[in-house]
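Following this line, the structures themselves.
Next come two complexes built around chain A: one with chain B, the other with chain C.
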Partner chain A sequence: MKKVLQLALGIIAAIGGFVDIGELVFNAQAGAFFRYRLLWAVVVGVIGIVVFAEMTGRVAAVSGRPVFDTVRMRMGLTVGLVTLIASLVINLITLAAEVGGVAVVLNLLFDLNQSTLILLAVMGLVVIVYFVPFDGIERIFGYMGCALLVYVVAAVHLRPEWHQVAQGVVPSWHPSALYAYFVVGVIGAALVPYEVYFYSSGAIEDSWGVKDLNLNRANAALGFSLGGILSIALIMVSAEVFAPAQIDPGFLGTTALGAQRAFGETGLLLALLGMLFAVGGAAVECAFSGAYTLAQFAGWEWGKYRRPREAPRFTLAWMIFFALAFVVVETGVDPVLLTEYAVIFSVVALPLTYLPVLLMASDRTFMGDHVNGVLGNVIGWAFFVVILVVSLAAIPLMIITQGGSG
Partner chain B sequence: MAIPTGPMDLVYRVLDDQLVDVEGQRCGRADDIEFDGGLGERPLLHAILSGSGTWHRRLPRPLRSVGARVFGTGLVGADVIQVPWDEVDDIGSVIRLKARARDLGLGQGDRRRAETVARLPDS
Partner chain C sequence: MLMVAGAVGPLSGCGREARHQVRLSVEELASISAEGALVADDLARGRTKTTFVRVHGSELRAQAEHEAEKLNDDPVAPGLHGRIQAAIKLASDIGGAIDDLRTSPQNRAQARVAQRKLHRWADQARKLAESV
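Up next is the complex of A and B:
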C-alpha cells in the first residue's frame, strides 16, 4: 500500500511539475496560430521526454550516475566542458525566464511594483529551497501545480471540434517556416534538459536503487504522459479562445484568460495559482539543475540530502544561480522572450546530453541486466535522430521567423 | 566490485570518474593519470591526478593557454592533487579511496567554502 501511495504521489508531482513557462508560452501560441495542427508535436515531445527520463532514471538507479556524471565519463573533458558551459548558460536563461514568470503571475494577483515582486519571488524561492527537504519541494510545487488541470476541464468544457483534435494528433505538415519553428518549439518545450538533469539527480537524492526501477518507469511514463495532457489542453483552450479572435497570447496573463473564458473568476484564479506553482517549481528545478551539473562535472559533493555545510559549493552554486537570474530579470527583459531563447537553445544542446545517457544505458559493464534491450535501443536511437534533426533546424528557423514573430 | 585483476581500459574505467573517500564523501574526479618509467621501461601506474589544473593539458592545442589561465596551470598541491594508485580501494560505480579526502589533500574547495556556508542558519 505504501508503494502504491508513493507511486501515486510521485505521478501527481510529475504531472504538476511537467508544465513550465516554456510550455505555457509555446503551447498557447501554437494553439492561437495553428489551432490543433501542432498537437502531434506535443505527442512527439512527450514520447521523447518519457524515453529520455526513463533512461536517465534507470542509469541513476542502477549505476548511481546522474546525467552529468555520464556526460563527463562518456564524452570526455573537452566535449563535456562544451556541454557544461552550454547547459549552464541555458539553465540561467531558463531560470531567469521562470523567475520573471513567477513575478508576472504575482503581479497579476497582487498588483504590486514589478521590481519588488521579482525580489520577493527570488527570496521566497530561496527560503523554500533552503529550508524544505527535497521531497517536500517536489510535492509542494508538484501538487499545487496541478491547479493547471483547470485547462483540461476547460478544454472539454469549451466543446472543441473533436475530429479536428484527432486529426491534430496525427503528424502533418504545413508549408511555412513559422509552423516549422513552432514544431521545434513545442517539441523543445517538452524536452527541456534541466528537467532530466533534475530527474536523474533526484533519483540519487531519493536513494533509488534497482528495487525502484518500476517506480522510475511509472513516474517517467505516467507522470510525463499525463503532464503532456496539460500541454495538449493548453493548445486546445488557446485554439478555442484565442485563434478565432486572432489574439497572440504572448503574455502569461493572456494565457490565463483562456481558463477564465470557461469558468469565470474561479477559472482565472486556478490558472494563475497553477502557473505560480508550476513556474515556481520549474525555477527551483532550474537552479538545482545548474548546481547539479556544475558539481557533478567537477566532482564536488552535492545533494539536498546533504546538510548545506556538507555540500557547500553545491549550496552556494544554486544560490548564485538565483542571484544571477534576479539580475537578469531586473534588467527588464521580457520573460516570454527569454523563454523562447531558452527553449530553442535547449533544443540545440539536447543531443550533447542525450547521447552519453543513451551510450551508458546501452553499456552492460555499468548496467548489468538492466541494460537497454533491443526495443529500448531502437527507440532510443530513433529518438536521437529526431533530436538531432530538431536541433539542427532550431537556430535557422529562429533566424528565418525572427523568433516566431514573422 | 574490486579493482579488476586482468587488463583494464583505464580511459574507459578510471579517467573522468568520480572519486569518493573512505567516509563516502565525493572529493573530485580522476582528471588525469600519471605513470612512472622512462623510455624503454615498462610504465607503472603511479597516481590519479585530480583538479582543474590538469584540464588545460587535455583541451585542443589552440585552447590550452586560455585553459591554463582559466582552470589553473597544474601546480601539484594547489590546483592538482596526486592520489597514489595504492590509495585506490575499489573501482565500481565510482572510484573508492582508502583514506579520508582531507588526508589526501582532496576536497579543499568544499572545506574552504564550508566555513562560509556554516554561517547560514540551520546549515
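Up next is the complex of A and C:
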C-alpha cells in the first residue's frame, strides 16, 4: 500500500512538473497557428522523454551513476567538456526564462514593479530550495502545478471537433518552414535535457537501487505521459480560442487567457497558479541541473540530501545559477524570446546527452541483467535518429522562420 | 544590361523582404486587436481580474506601439506609404482602446464598446495585411 501511495504521489508530482515555460509558449503557438495538426509532435516528444528518462533512471539505479557521469565516462574528457559547457549555457538561458516567467505570472496576479518581482521570485525560490528537503520540493511544485489541469477540463469544455483531434495525433506534414519549426519546438520542449539530468540525479538523491526499477518505469511512463496530456490540452485550448481569431500567443498572459475564456476568473486564477508553480518548479530543476552537471563533472560532493556544509560547492553552484539568471532577466530581455532560444539550443545539444545514455543502457558489462532488450534498443536507436534530425534542422529553421514569426 | 540586373536584383529582393516585414507587423496588429477584443469581452461580462487586465493590457499596448514604431522606421517602397500610415493609425487606435480598458477596468459599458471597436480593427488590420 505504501508503495502504491509512493508511486501515485510521484506520478502526480511528475504531471505537475512536466510543463515548463517551453511547453506553455510552444504549445500555445502551435495550437494557434496549426490547430490540431501538431498534436502528433507532442506524442513523439512524450514517447522520447519516456524512453530517455526510463533509461537514465535505470542506469542511475543500477550503476549509481547519473547522466553526466555517464557522458564523461563514455565520451571522454573533451566531448564531456563540450557537453558540459553547452549544458551550462543552455541551463542558464532556460533558468533565466523560467525565472522571468515566474516574475511575469506574479505580475499578472499582483500588478507590482517587474524588477521587484524578479528579485522576489529569485529570493523565494532560493529560500524554498535551501530549506525544503528534496522530496518536499518535488511535491510542492508538482502538486501545485497540477492546477494546470484546468486546461484539460477547458479543452473538453470548449467542445473541440474530436475527429480533428484524432486526426492531429496521426503524424502528418504541411509544406511550410513554420510548421517544421514548430514540429522541432514542440518535440524539443518535451525533450529538454535538464529534465533528464534532474530525473537521473533525483534517482540518486532518492537512493534508488535495482529494487526501484519498476517504480522508475512507472514514474517515467505514467508521469511523463499524463504530463503530455497537459501539453495536448494547451494546444487544444489554443486551437479553439486563438486560432479562429488569428491570435499569435506571444505572451504568457495570452496562454492564461485561454483558460479565462473557458471558465472566467476561476479559470484564469487556476491557470496562473498552475503556471507559477510549474514554471517555478522548472526553475528549481534547471538550477539543480546546472549544479548537478558541474559537480558531477568536477567530482565534487553533490546532492540536496547532503547538508550545504557537506556539499558546499554544489550549494554555491545552484545559488550562483540563480544569481546569474537574475542578472540576465533584469536586463529586460523577454522571457518568451529566451524560452524559444533555450528550447531550440537544447534540441541542438540533445544528441550529446542522449547517445552516451543509450550506449550505457545497451552495455551488458555495465548493466548486467538490466541492459536494454531488443525492443528497447530498437526504440532507443529510432529515437536517436529522430533527435539527430531534429537537432540538425533546429537552427536553420529558426533562421528561416525568424524565430517562428513567419 | 547585366549591371542593371545586378543592381536591381538585390533591391527587388530587399523590397520583397521589406514588404514581408510590413505584412508581419500589420498581422501582429490584427492579432493584438483580436486579443484585446477577447480581454474586453471578458471584462464586459465580469469574467476577469483587474490586475490581469492592467498588466496584460499593458503588454499588448506596448507591443502595438512597438509595431507602429517599426512600421514608421523601416524604409519601404513609396507605393506602400499610404497603407503604412493607415496601419500606424490603427496601431494608435488599438493601443488607445486597450489603454482605456486598463485605466477603468470596472467600466463594463466602456469595455463592451471597446470590444466591438477592437474586433472591427482586427478585421481591418487583417485586410490591410492581405493588401500588402
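We take it that the second predicted complex is superposed on the first by the 406 of 406 C-alpha atoms of A that agree within 3 Å, B and C clash if a C-alpha of one lies under 4 Å from a C-alpha of the other, contacts with A are read in each partner's own complex, and residues count from 1 in each chain.
Everything that follows uses one rule, which is that contacts are C-beta pairs under 8 Å (C-beta built on N, C-alpha and C of every residue); 3 or more make two chains touch, one makes a residue touch a chain.
This is a predicted model, so every value here is computed, not measured.
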Partner chain(s) touched by A:313 [first = chain B, second = chain C, both, neither]: first
Touching partner for A:300 - first (chain B), second (chain C), both, neither: first
Chain B versus chain C as contact partner of A:128, first or second or both or neither: neither
Contacts of A:165 with chain B and chain C, given as first, second, both or neither: neither
Which superposed partner A:366 touches (first chain B, second chain C, both, neither): first
Touching partner for A:89 - first (chain B), second (chain C), both, neither: neither
Contacts of A:110 with chain B and chain C, given as first, second, both or neither: second
Partner chain in contact with A:269 - chain B first, chain C second, else both or neither: second
Contacts of A:260 with chain B and chain C, given as first, second, both or neither: second
Shared contact residues on chain A - chain B and chain C: none
Chain A partner contacts - residues on chain B that touch it in the complex: 16-19, 25-29, 31, 50, 52, 55, 58-60, 93-94, 107, 109-110, 113-114, 116-118, 120, 122-123
Chain A residues touching chain B - in the complex, by the definition given at the top: 63-65, 69, 72-73, 76-78, 80-81, 130-131, 298-302, 307-313, 315-316, 366
Residues of chain A touching chain C in the complex: 107-111, 241-242, 245-248, 250-251, 253-254, 256-257, 260-261, 264-265, 268-269, 272, 405-406
Contact set on chain C toward chain A in their complex: 20, 24, 27-28, 30-31, 34-35, 37-39, 42, 45-52, 54-56, 59-60, 63, 122, 126
